[in-house]
Amino acid sequence: MRRIFVLAMVLFALSGYAQVQFMLPAVSPEDVLQWLRQSALPAAEKAVWLRILPQAFDEGLVDPKIAQAFFQRLVGTPPTFVGEITAIMEELLAQGLSVTHLMNKVSQGIIMGRSWAVITNEIRLRASVLAATHASLSPYRPKAEARASVSVRVGSFAFQARTPTWEDVEVEIAEAISDFIAGGGDINDWSGMEALARTRLLQLRGRGLPSNLVDHVLQVLTPQLIGEIVSQAFQIERR
Amino acid sequence: MAIGELELIQRSLEGDLEAWGEIVARYKRMVFGATLAVLRNWADAEDATQEAFIRAYEKLSYYDLSRRFSTWLLTVAINVAKNMLRKRKRDPEPKVLHADDPATLVEKEALRQAVREAVWSLPETYRVPLVLFYWEGLSVEEIAKAMRLKPATVKTRLFRGRALVRSKLLEMGVTADAV
Amino acid sequence: MRFEEWKEEELIRQAIADEISAAEGRLEGLEERVIRAIAARDLECPAWRRWLRSLLAPRTPALRLSYALAALLIFVGVGVLIGRFAFTPEPLPALAQEGTVFALAAPGAQQVELVGDFSAWKPIPLADPDGDGVWTLVLRLPPGRYEYAFLVDGRWLGQDPNADEYVRTMGDYTSVRYIGNGEGSSS
């Protein structure tokens, strides 16, 4: 019965959150797939998404709410743009990497009124950095965190009550590096990037990221590690 | 679910690697069959099988208990194998499946060889459902879930797959007389 | 001439089994290899986390599922009712309500909206009830880091004076706020 109470507390807190007015209406993976099937997205890309999304939802790599908004915005954009964005995200998902934040970035770019080329470049940059970050940090991944992301499932109900995971830590570090570079920072300033990533992790420690994960990753975060990530992301020959 | 499997899964979730090892032992043939069906290459299938079990372990908390475990495991395995296949498509696909005994084969053996080659040279679309059906003895519904297809589609592919084997054998000059 | 169906099925079954059985030798010792690969990423697991996991790990779901389902319905129902009555959607003066205040002085503007990653960049309108040019909105956000900006009559305004920091991306500024009681922060 202990478990019931824990579950009940989680639900109680959830339903409280669910009442906040800004929250987009709850969207289930099935809703997204259904919408996608009937949407006016280019046939080729629609097929790709319909193929890869179910597994991506299952593995928590895509948030349905964000995905829904993202696909809605994609409708009507040039097919080449849809194709390029889809290809980049498909590759990340195949590696088991989350793309929710990139979907949001596309939405942001569109609402900022940026050109397709600018948005695509931005996504490409962030995707490369994320893949490289994941590769460099994998050896340090704590085993315990593999199951800390308790996505509570009861029958067919799946609650988006995600506990932040190691994947989220990787995303934050990757995004910090990308923000630094996209903001005009020097690609060789590994110390600057490390400082930004460290500051961001400390800001999120205890609110958005679990303290023990942050502490753990800060032990291995060095300018050299950043350098390894950047070199890999941009295929630079390291001296 | 099989008796004891639930216990093994729960212990794996708690970090008991021995328990996961037992799961691997029980399902490795099934997973290997599926990855071999997709990749056709022994070494690649072995890599994919290992990777599939590692990935399944990492994503175990996302496994929905209301679904059959073997089906979920298969979806992970097929996904891993297909990703590997996509990456490999840049290299030419291996024409020869594997080296085999060149010694003189008895007629029955020749037929067996011929059917083996006919089945394994099928396109992936038909090969994978056939393997799952005949190797693992999965039902059409289970194959449909594992491959994320409609049951009707699976039935069609099984039917067409068998027909293709037949026509390949005829092409190879193997007739019913040899049976 | 056609093969008899049952013979054909047997042959196919045989063909598949032949190939896989021939390759099966490779599976020898796979259990150890998988365990070693997973263990290679091991780190010590704190006792409190083990307790938490055992608390949440499912045991006999067939039985517990129905209990959990019942509890789910009860508590969601109660939670929904409480949430509905306790939260009012109108923006209130900053100190009168719990939440994050977004405020912008934009006299002369016809419309001011908030866009951010928490809303998938969909615009949320701010309100200026007394017409003094100060537009506000209160949102309850879970702890974390949020990027946002204002749209003033449709124009992007990326630098909120009340933001914690700014990032420059895709050629313009975006504002950032950290919400929640952090353990390792300065604000």
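Residue numbering begins at 1 within each chain, and the chains themselves are lettered A, B and C in the order written.
We adopt the following convention: a contact is a pair of C-beta atoms (placed from the backbone, for glycine too) under 8 Å apart; a residue touches a chain by one contact, two chains touch by 3 or more.
What you see is a predicted model; the values in this text were computed from it and never measured.
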Chain pair with more C-beta contacts, A-C versus A-B: A-C
Chain separated most widely from chain B, comparing mean CA positions: C
Gap in Å, rounded to a whole number, between the CA centres of chain C and chain B: 34
Computed distance of Cα centres, chain B from chain A, in Å: 31
Separation of chain A from chain C, taking each centre as the mean of its C-alpha atoms, in whole Å: 9
Shared-contact residues (touching 2 or more other chains) in chain B: 13, 15, 57, 65-66
Where chain C touches two or more other chains at once, by residue number: 38-39, 45, 53, 58-59, 65
Multi-chain contact sites of chain A, meaning residues that touch two or more partners: 143-144, 147, 150, 155
Residues on chain A engaged by chain B in the complex (per definition of touch): 51, 54-55, 58-60, 94, 96, 143-144, 146-147, 149-151, 153, 155-156, 158
Touching residues on chain B, where the partner in the complex is chain A: 13, 15, 55, 57-62, 64-66, 75, 79, 83, 86, 148
Interface residues, chain C side, partner chain A - complex: 38-39, 41-43, 45-46, 49, 53, 55-56, 58-59, 64-65, 67-69, 71-72, 74-76, 78-80, 82-84, 86-87, 89, 115, 117-124, 139-140, 142-145, 147, 151, 156, 164, 167-172, 174, 178-185
Interfacial residue positions of chain A with respect to chain C in the complex: 1-8, 11-22, 24, 65-66, 68-70, 101, 104, 107-114, 118-119, 122, 138-139, 141-144, 147-148, 150, 152, 154-155, 157, 172, 179, 182-184, 200, 202-208, 211-212, 214, 216
Chain B residues touching chain C - in the complex, by the definition given at the top: 6, 10, 13-15, 17-18, 20-22, 24-25, 28-29, 32-33, 36, 42-43, 45-46, 49-50, 53-54, 57, 65-66, 97-98, 111-112, 115-116, 118-120, 130-131, 134-135, 162, 165-166, 169, 175-176, 179
